[in-house]
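What follows is a single structure, written as structure tokens, with notes after it.
Chains: A, B, C and D, in written order; residue numbering restarts at 1 for each.
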Amino acid sequence: MIDLVIRGGTIITASDTFVADVGIRDGKVVQIASDLRGAGPELDATGKLVVPGAVDAHVHMAPVFGTPKADDFESGTRAAAAGGVTSFVDFACQLEGQPLRAAVEAAQALARDKAIVDYSFHIAVADPTPDIVAELPEVIADGFPSLKLFMHRANFHARITEFMRLVAQGARHGALTAVHCEFQPVIAYVTEQLLAAGKTDPRYFPESRPIHAETAATAEAVSFCQAAEAPIYVVHLSNAQALEVTTAARRVGLPVYVETRPVYLYLTDERYQLPGRESGKYVVFPPLRTKLDQKALWDGLGSGLIHTLATDHSPITTDAKTDPCRTFAEIPPGAPAIQTLLPMLYSEGVAKGRITANRWVELVSTNPAKLFGLYPDKGTIAVGSDADLVIFDSAVTRTIDGARMHSRAGHDPFDGFQVQGWPSVTLSRGEVVYEKDRVVGRPGRGKLLRRRRFTTL
Amino acid sequence: MIDLVIRGGTIITASDTFVADVGIRDGKVVQIASDLRGAGPELDATGKLVVPGAVDAHVHMAPVFGTPKADDFESGTRAAAAGGVTSFVDFACQLEGQPLRAAVEAAQALARDKAIVDYSFHIAVADPTPDIVAELPEVIADGFPSLKLFMHRANFHARITEFMRLVAQGARHGALTAVHCEFQPVIAYVTEQLLAAGKTDPRYFPESRPIHAETAATAEAVSFCQAAEAPIYVVHLSNAQALEVTTAARRVGLPVYVETRPVYLYLTDERYQLPGRESGKYVVFPPLRTKLDQKALWDGLGSGLIHTLATDHSPITTDAKTDPCRTFAEIPPGAPAIQTLLPMLYSEGVAKGRITANRWVELVSTNPAKLFGLYPDKGTIAVGSDADLVIFDSAVTRTIDGARMHSRAGHDPFDGFQVQGWPSVTLSRGEVVYEKDRVVGRPGRGKLLRRRRFTTL
Amino acid sequence: MIDLVIRGGTIITASDTFVADVGIRDGKVVQIASDLRGAGPELDATGKLVVPGAVDAHVHMAPVFGTPKADDFESGTRAAAAGGVTSFVDFACQLEGQPLRAAVEAAQALARDKAIVDYSFHIAVADPTPDIVAELPEVIADGFPSLKLFMHRANFHARITEFMRLVAQGARHGALTAVHCEFQPVIAYVTEQLLAAGKTDPRYFPESRPIHAETAATAEAVSFCQAAEAPIYVVHLSNAQALEVTTAARRVGLPVYVETRPVYLYLTDERYQLPGRESGKYVVFPPLRTKLDQKALWDGLGSGLIHTLATDHSPITTDAKTDPCRTFAEIPPGAPAIQTLLPMLYSEGVAKGRITANRWVELVSTNPAKLFGLYPDKGTIAVGSDADLVIFDSAVTRTIDGARMHSRAGHDPFDGFQVQGWPSVTLSRGEVVYEKDRVVGRPGRGKLLRRRRFTTL
Amino acid sequence: MIDLVIRGGTIITASDTFVADVGIRDGKVVQIASDLRGAGPELDATGKLVVPGAVDAHVHMAPVFGTPKADDFESGTRAAAAGGVTSFVDFACQLEGQPLRAAVEAAQALARDKAIVDYSFHIAVADPTPDIVAELPEVIADGFPSLKLFMHRANFHARITEFMRLVAQGARHGALTAVHCEFQPVIAYVTEQLLAAGKTDPRYFPESRPIHAETAATAEAVSFCQAAEAPIYVVHLSNAQALEVTTAARRVGLPVYVETRPVYLYLTDERYQLPGRESGKYVVFPPLRTKLDQKALWDGLGSGLIHTLATDHSPITTDAKTDPCRTFAEIPPGAPAIQTLLPMLYSEGVAKGRITANRWVELVSTNPAKLFGLYPDKGTIAVGSDADLVIFDSAVTRTIDGARMHSRAGHDPFDGFQVQGWPSVTLSRGEVVYEKDRVVGRPGRGKLLRRRRFTTL
């Protein structure tokens, strides 16, 4: 009656902590009990944590509007499985003239034979024509109820009203709109000034994308989503002022959700002072911020003012990041992060006493699953949920070394960090995909996830 | 092997919602499963919700520094059981010269033979002498790790430094300090002015305890707890400005927790305009506030800026509340609330779409249990927890009528409210204490709860 | 030696109040003394106030990008003189392809033979090409050191970076940038929705331009001016939230100045509930706001968080404002206001005890003169300043009646208001241009004012 | 007809800047003119600034509740005259049992034969009995319309309601209440902890009086003055958070005024790291704060959110400040400051471009004169005002050296600062009291100032 028992672990959900056995059948959790009898296969989790697999809401393995990343769905999901990420949401980027459905199919085609864990796609639109607005409800109904806006792209500010029609249409049909909040005209202007002044080195990069540009764009996004009567999900919020904008919006009851990103929690803008081209590795949008911002983000995680941690996994090769011939504006933005999402937050957050283990699970698994319509299949350990589980050994320590990780980036932003806690085993729908430091899941076994409509947290 | 099965209900915890059977043995939850085999007794919960019993963190059945309330532990816990409250924390009020232990014993003596559900006590101190400070660690170690300060009492501001020593001692030993934040000297002055001007009617009552007096006291409390390096729990926060003070404190990472109270969520200061002495029923500390404040509190519940809902159950007879010979300052403060805690929040919050069902459980059960050291015995449905469970029928509707409720107050602040959702069955440690509209638990079966130390949410 | 003495009045400047005689020679103040001997002409100001002529920083008599207003420079400056406004700044609007100098000359040509009081122009640019950016320094050097941006115009958001180059160029050469802060894409979207729903009546107008659209645009403006290292002057700020944005900016030391406008101080959005098409008269950008916003603006005037009061005098005929065939979006925006600027603020502000008489002078005369480079010629009563003076009778009362005022609008937003205080005599450069309720200044006597560079307040 | 002409200086008032001659008769300004004819004595101010004498609203030359300072009224007013301070307000401290009138007379007796410049007294009360409350109106009517509360004194929090009766009585009769905002119970507790831990060195002093203690007390003061319907003047505000409290109060229209103090503008808490006992010199209440606080204060001066700069001149001998036998809690608090008030703010503020020259005059002369009822006799240069004038040479530079200054403290907190700008001549009521680096005014010539009632700024 039971295919597999996870025996004796400490189960951590977003709200609970208790020791129990977990019984799995047909890829789903069917029993949680104090002493589960059974004669079948078992995994011993005694002394370890058993947590729901992480749900990474912000991942780039597919090309972004045509620009490829260093990972494809095979290397990327290998990193995911090894890191305890059992599902994630990438982006189906509609190109000019392309129907949404075609964009989804194109993205899916890249993943189908390669993915080791489950995945889905946000809908990102280059060209929000009336046809696209009209097509959106079908795509949502097909299981893709989330949009992504890129305020930092060159054309965005010229077409906000058109994007609002898209966002409003999405909201009417149950989609959540994720927004990259950076005020493009300001960035364009400041970048132009810096380059004209010969300030081309990556150490000038953070000046080119100032805190006030993120803050103002966040205020804009709150305004246009409010006008469109749409819930909003602010991605990779990086600074204290922008967090005040979202907090003020929440205080008056607006449906505003906030994501932050590992690099802002563990690193600060001091990295841009690194010698040579090493600083180029930290060209991420928005840039690394100050220690004060970093503290505000941790406090926001603890207070529930930030709802998710997602990676914006965007692997770029070390060569491209550190190429001495490139100005800061020519370095491809992004950093790999999916493999360390779960252990880094445990190590820096839970082990250091900044957040509870329940908050850890909530931030990287339960909340993203709920916001993006994957819950209750994903995001928790409950009767009826998918058996996407991680047996996590909180006692083990590791040193991060990007060169030995699964992403093809070849480096990691946290290289050299000592972490406490690491996944021992990752299960996807009851199947072991990672154990004993080896990814054992078969490429192609990962499934496309058709998602539910947005509901409030 | 299983004493009782709760069959087929929708289980709601602070983070999860799923259909499953719950198996109980020796008063504890031992199995949660999709199809629990067993031949023993069952309760059918099909189509109903199964939630952890509410944990009311703020209750007065014992006298407050000698002043009795209309309920004793029998009538009060009868109301609790009928309302789905399976544990609560009352106050052991130390009188001048009395050791803490004696105060705890005196409180316990009142409850021992009467309580139908489980209970514990916060430590409230009249006279924070060095001896009391010295005695505190033992009392905490005995299972009473929480203090209560009454800033609105006449003597408080003269002795803050002494209270800080007590608070700091408590924090060092794992106690959480609950604070009633109202700035007594302001209230005394304004009351004096109003009475001198002949403004003695209860409709002047809200003027006597202005919003700024609560706000300033909240700022004070944040300051002195910060100086004492102590976590703080602000009780019955009632207004938007005070919530800004606590939110600002949380934003910089201070361990500040916030409770609000049913009367502020469902009523506003318009009640003081009621004719005759009816308005006297709404003499509660702090007073009912404006619609804007009410909205801010609801937004705060939704955002996680408010952590618990507790009743401050303080039943006073209708005669005393509406006595035409009393000035507003002579009306005993307080209102009954424990029986409606769970259904009112479901009805006004969940059924009206303001909060999720998970937040409902979190606010009235999980969070108070965690903050006051009752978790994981109380506050959730998990393997190993006490089987304090409520089968809640979300389809039934009722009209609140205090005259027919269990509290001896004889009225209810929400008289006449139509509510959707009502407890069908209440179980305490696996035993049915309420069903079919009757309290069936035996007085004296309720246990004194010795609690764990405070940990952060 | 002295051409004219103003005898015995109470002189009010932005900081001082004292009784003295004022001696004028060659159009300038040359003596201020307790007992000025002289045998020449005198004006008796005993028992009256003597204040510097108002400086209206925001006036439309010239067409705005080709759209004419109901007043030309003759009717408009007649209204100005009668109201005690002795200088003002209108707009030289550059049309596509037009050099700035041509725009200034075109504006000046309209004013030259008609103006009764002195005037200047802000530079408003339709098309911020590199040529225009290159031309700007000359125009500033010629005496026009201020720019105006219209964020509510259709094209603005597509060209922000270009406008930033213009603003930065202006700042480098000493210009202050005035910004109309409304987030156009939101307004366009909401207007489209309202019209599509058949909500075309002017009572829907305020919904079309929500508070959050002004607030977000203000945040944007603070961001792009900060990036351009330019001081900013937010025109006609109308709501409490936007004032929080500017206040936050000032608290961190940014050079952000705030103007508000009479309609927001004396009227609220209740006007949109007026029957028939009367509400159309109140179609102004941004719309009238709530009572709470109104209170915040008054508090801001008192606290110095708002720096100027200017009229945005934009007269539209009553027929056009109340035309029943027009949707709210087709009603030309604007209202006449220049004639009542000084007396309305005295009556509602000083006489009602909300602000001091010194603040009155500071808001309508000294601060605008300083910010826009007219000080010390204009904006005060000091030795060496132009004798632009108003003898103001604070005892007289009047009822506002737009039908009998000088603007060709034919109505006034404050029709029916009883005011206390009215100008008795207006002098422009020592010459009486208004007295005994008659405008006696000759059209064409008004001079083009070439202004100094911006300096901080 | 004219006793003295100040010829050719640049006159600076709170709002104006212009070149003119000033004519003085009978100690008052009677003419301000472009070319003043006269045959009498003259002082040449060509190329120099002519400013109203500074009005120091916060000075201790009289003992504070019995504790003497290093200066008496002779040495102290010598320093004042040399620094361009021509009037100031010290404190008449009522001792227990003493009538207010006796306190005023005692203070006056100390000043009468010694003061070189004019002075008055705030009323400070040790024991706010009903008799004292009853006596207050007479003392106000006699010309002493200001109260001072010391929240940092041991007994204050026990007697707030009594102090509120005093404050309300004062407000009804036109007094402004100045408040020292520090939360005494917190300071007492933290000091006790530090001393118990052996942290007695002055470098621990700032920890003993934390920012949150000032902030919370400021919130309390806003609350109790609001309840007493009294305007409030927060003295020596030192940190950014407290400034947020006062700014929030002003934003809702409360009559809250803010003073800061030179030490917070020019120094930071780095001074407490000085070796040996040098750090003891910086024991002032509240302590020096962080660079961030310092910036917030400068921004507040520029924005008008801070209204006055006053010295809290409290000279203590170098021996007492640096005595190695004293714990930080035993070092008498305070620093000399009156001689450098005017030049330091010119040098650090005006010369460095942080504030305008008009703001300089407003902060140290006009605003304190207005708030404390000395205007228009003091605080400006206008016809009818006292000829309290300073000819200020903005070109000269000096190095601060407390050993050579007039205060008997023997040191200065700004020792070693290079300043630009220094008084050349000080006139008090038309009489030169300081010139050519010598104080020439006669002790005893200073007059007791009977002041007007509070009016709003």
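As a convention for this text, a residue touches a chain if its C-beta (ideal position, glycine included) is under 8 Å from a C-beta of that chain, and two chains touch if they have at least 3 such contacts.
None of these values were measured; they are calculated from a predicted model.
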Of all other chains, the one whose Cα centre sits farthest from chain D: A
Candidate from A-B, A-C or B-D with the same interface as C-D, over half of contact pairs in common: A-B
Centroid distance [mean C-alpha coordinates] between chain C and chain A, Å: 50
Cα-centroid distance, chain B relative to chain C, in whole angstrom: 56
Rounded Å distance, chain A centre to chain B centre (Cα mean): 38
Inter-chain touch pairs (all): A-B, A-C, B-D, C-D
In the complex, chain C residues that touch chain D: 11, 13-20, 23, 30-35, 243-244, 247, 250-253, 295-296, 298-300, 302-305, 356, 362, 366, 376, 380, 382-385, 455-457
Sites on chain B touched by chain D in the complex: 157-158, 160-161, 164-165, 168, 183, 185-186, 188-190, 192, 210, 212-213, 215-216, 219-220, 222-224, 226-228, 245
